[in-house]
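Here subunit A shows up in two complexes: once beside subunit B, once beside subunit C.
Showing the complex of A and B:
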């Protein structure tokens, strides 16, 4: 039996080898065929048991087809991408309004979400993280839940109320029983943590209350500031994480959160730092770099569109994501983002704040090179796109 | 018609990690390498571009912090693309 097993294991690797050898043999014929098509060709060749002569023919045929579907020089790919996203976007707007009364449609997905990503807003409205756990925690529900509770941001003001007495210069901090119970916290630990936060004055403990006697010479304003500081003190958790929930996904426990703080979460040893993500694309580009941000844009846009059953070719989204990340940081399609980088004053004026842009460029003596689409439309010249770009005439 | 799944990104990355041991990266971060000075010209010729026409990557970008890239270097990025398999992209450091 073991021998047979070893044989069957060897076979595919041998097959792989011959495939690899074939690939290397025809490598010079590859030209600019992308990897995916290249691999598919050899899969077909293997399945149909083609001879070398036939493979050669197949590659040549595929290359011809591939070159035919490439974007032509001077084709306005950007405009096509914008329209491809814009048209279904309009449909989506209408549908969102139609669904406005229904409960199950969340506001965090739909056209607002697309707008948020494309505009490059610095704050995501419904920020959420997906935290994958390390090997120890991912199959242990109890530990995962304990960790999920541990990272929730708890401030003093969330679990206690305060009474100030400015005459006696005292403040009374009282824990709220229900709030502690619903968060599953330990009363004594919380009290001692609040006590650590108190820097000035004497502290007396009376059951669930902490009574602070401030020094007599302290001014009222300072007492107020001191109390506010204590109330805003983070007692536990990671700042920004408001709520957590443990769910099961593909046989492992995963934590979903409301609120995001990627950098701090990735540093915790309980999480899997290679898969944990957030839906805040700006944060990803800050923490993991611009390329990660670009991919996050594509994935978030694609996710939002498929959720709303809108089919937009992925290539349009790739182009949009490349444009948004061109300058090394995410810039939105707004006048303060990529529009500001446009060389032409007419193009900027045509977008938003016409008078301001015209006035500013006149003040600085800018030149209008008339290279883009909008500028040429304004002055009534042929647009330099497609056939408008070519200045030669073919000789028969 | 072609159809795309969002997991395309995941599965391709998992396959790649299988056949050789590499420094593990977050699944969103592709591989970044500095292009040697000798090869720069060849790449720019292939792209029909000059250095200032390339997309930018900031010097402070977390993904190239370890590479110690200087402004003006070209960074080669090995993207995992759902439409082309593997694709190369170039950014210039600023």
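Showing the complex of A and C:
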């Protein structure tokens, strides 16, 4: 075997040439075969050392096969996609019932997650980010962990408790030892950061306590507001990131988070902005644009389904993602989403809020074009897919 | 930190606080054991919430347990001897605090040992018998401890569906529906609970000879094959009774219903044929044959409006038909006619109709281990496989029913049933107390049978020996009350609903099977939209309506004057349009909502 390898390595340029020549030679036979299949064919031809006659046959067979699996004109691709996702989906709900009582079940995976994506909900219930690090941090565990700690959103109220004395017009902010240890923070740094937040009054420091003496003329309500402002002050981190954990993935350190803030994280120089991502598809489409959102939908759906060992052809997911994003923003398959965009009053009425849609369309004098599926079912005409699409026109 | 006082609840109502809940609980339980308070009172102390629940209300299930103190059961050998001699009763044991009843709440705080050997110092109670953890029904499944827990559930569920000899006074009863199994048998393999509740005196099973074998594909997917010869010898046969009832109501004004054979002049007369089974008194004769839509109780009611003036100005009373007819698709023999009086002194008639339900393809059978199956074929005796000694099984069960369900109890019962039939004695299969497999094998050996229950079989059709040995045994089977005769239903045309003109729904109304939303989508998925249109319009509620070209509104079709005109513009430029009646109804309803649905007509493509 090693000898053979050596041989093939010797003259790759020559072989590439012949392949290229062959490709050009048969170019007119290509028809509508896509690039990938076309290239694969010649790889096979090369490996099997086929004669030109055989290559011709191979291309013809491949074309036949390819045309067979193409979606035909008038095929109900949407319905097939819906069924292809829906059928295994019912299996999923049935199976989760068997797991009832198991702790692991969450909205993070399973049918609820699919629903969340397809409905285009604005808030992901279990939002999480996967942060890839730049070359400096990705192999340095200590630095990665330090960064992970650094981006966690910490507010004063998370690590301190406050005692107000309205008689003396003072407030006492005391750090909670365990909370600080939990988050691996520095006491002095935190105290100084809290101190920065205090805008009014004199501050005395006594060990872990900060005692604020507010000016006497300040009203009680204003004192309370002031204290609340201090308590809500972000001391460090990126807002929205609740927890982080450093894991190893393919030989590099990666940070997984609970909570998401893609825009702010991407601004940090420590991260690899090309790979860092979140599972909140709406956020991706907001930050990176609708095409990124479309990709994210496909990827999230695919991930959720494969996690549950459901095999759905990727093209169905692509179709769904296209449908959700073609307007330029993510719209779910709910009455406030793409259902509202339907031009047919019957289709809207058949989905939800029947009477409302009927009244609204009557008010605007809408015309039912009878193009969709439900509309024709209601009226009792053949649905305009498959055999119902074709019409004969008499020759004059 | 001083502990808070515990809340004390009686029957869920807070009645006060106690500083020392443990002592209070102990004292109360002691008082119950000393027969100072009733044995039905249960006391439970929940440590984590610091609450004492004392329950003495109704609706709690209690179960008896032997009290254990310091790792020793209070019930001693002397007690048992005394009970045997009749000197002590169950009540005495309860009153002496040897046995006590726990409910679900108090059980939470108890540590119960299954067997006496398991007792430690921590234990508070001892099970009277390990089988006592099961319900009455569940503990009637023999060799239950060898089965999957889920199968116990299935088996117990089907006890309630089994047909048997449920009540000895069945001749006198007038239940709307009742079943009676012919020749029920004692189970060869019994459990002790069966003795306790006397199931052998009200049996619901028959002992089937069962072979575990495929049979030409007729017993795939949980079907079973049944021996025709066995059915002819009354296996699984039953009687089905249905009682029809009618009251002779009295109306204000002195008029009343009358039991009689309605005269031809009666409004709604059903035709001579329908009244064939009736005697002079208008009631069906006992042991006469009646079938669907025939009258079993002839009854007429007075006319609804008093003065119904016939021709020539004569006031004639035309009574209305109010007879009770046999349900559609049912038939049978009149078993009993009962005349009685209602609370208002009205005469009530009950006619009980009996018919046989001989096992047929599609009827449901089940063993006691959740192994239910539907009859897939009834095979003539000569075609059944037979053993070397000439035994033919009553029922053939598919081997695929066994491995995935792991009902080892089923196999053991077959083995035990076989041994019991050779020994001519019932064998005890009480859960957790059953006989060992070795013992059964020994028994089989003693009677000259293979200890593993396997036997050589010959194919009934070809006569060839079946390769390999076949597991055969005797096992209790039950006929369940789901029968094809009560469920079969088909329709090509039939009644429609008034509102939508779509076919009716349900067996009673001779309804169709709904071609629903999901079914329609499958057709669209295949692109078969013309087929779909045929299904939902042509086969359902197709109508031809005339529509005004100008107004786009459904026109009036005046059949009397043979005129079609638009109700809005009065014009007669109307054209026929094919549509579903439901759509026409939708248009009408839109109009009722003050929406003007205008149809734009185009030529049909």
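The rule is short, and it goes like this: the second predicted complex is superposed on the first by the 366 of 396 C-alpha atoms of A that agree within 3 Å, B and C clash if a C-alpha of one lies under 4 Å from a C-alpha of the other, contacts with A are read in each partner's own complex, and residues count from 1 in each chain.
FYI, a contact is a pair of C-beta atoms (placed from the backbone, for glycine too) under 8 Å apart; a residue touches a chain by one contact, two chains touch by 3 or more.
These numbers were taken from a predicted model, which means no experiment stands behind them.
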Task: Superposed partners subunit B and subunit C on subunit A - clash or fit - done: fit
- [ ] Kindly classify A:325 by the partners it touches after superposition: subunit B alone (first), subunit C alone (second), both, or neither?
- [x] first
Task: Which of subunit B and subunit C A:62 touches, first, second, both or neither - done: neither
- [ ] State whether A:391 touches subunit B only (first), subunit C only (second), both chains, or neither.
- [x] second
Open item on the list: I want to verify one number. Taking the Cα centroids, what angle sits at subunit A between subunit B and subunit C, in steps of 10 degrees?
Closed with: 120
- [ ] Considering only the touch criterion stated at the top, classify A:381 as touching first (subunit B), second (subunit C), both, or neither.
- [x] second
TODO: Using the superposition on chain A described above, determine whether A:146 touches subunit B (first), subunit C (second), both, or neither.
DONE: neither
Open item on the list: Touch test for A:359: subunit B only (first), subunit C only (second), both, or neither?
Closed with: second
Task: Partner chain in contact with A:334 - subunit B first, subunit C second, else both or neither - done: neither
- [ ] Determine, under the contact definition given at the top, whether A:290 touches first (subunit B), second (subunit C), both, or neither.
- [x] first
TODO: Just the number, please: smallest Cα separation between subunit B and subunit C in the overlaid arrangement, in Å.
DONE: 21
Task: Intersection of subunit A interface sets (partners subunit B, subunit C) - done: none
Task: subunit C - residues contacting subunit A, complex - done: 520-522, 524-533, 536-537, 542, 578-580, 582-583, 586, 590, 593, 595-596, 600, 605
Task: Residues of subunit B defined as touching subunit A within the complex - done: 4, 6, 9, 24-30, 32, 55-58, 61-64, 77, 79, 81-87, 89, 91, 94
Open item on the list: Touching residues of subunit A toward subunit C in the complex: what are they?
Closed with: 74-76, 79-80, 82-83, 355, 358-359, 362, 367, 373, 376-389, 391-392
- [ ] Sort out for me which residues of subunit A touch subunit B in the complex.
- [x] 34-39, 273-275, 277, 284, 286-292, 295-296, 299, 302-303, 306, 314-315, 318, 322, 325-329
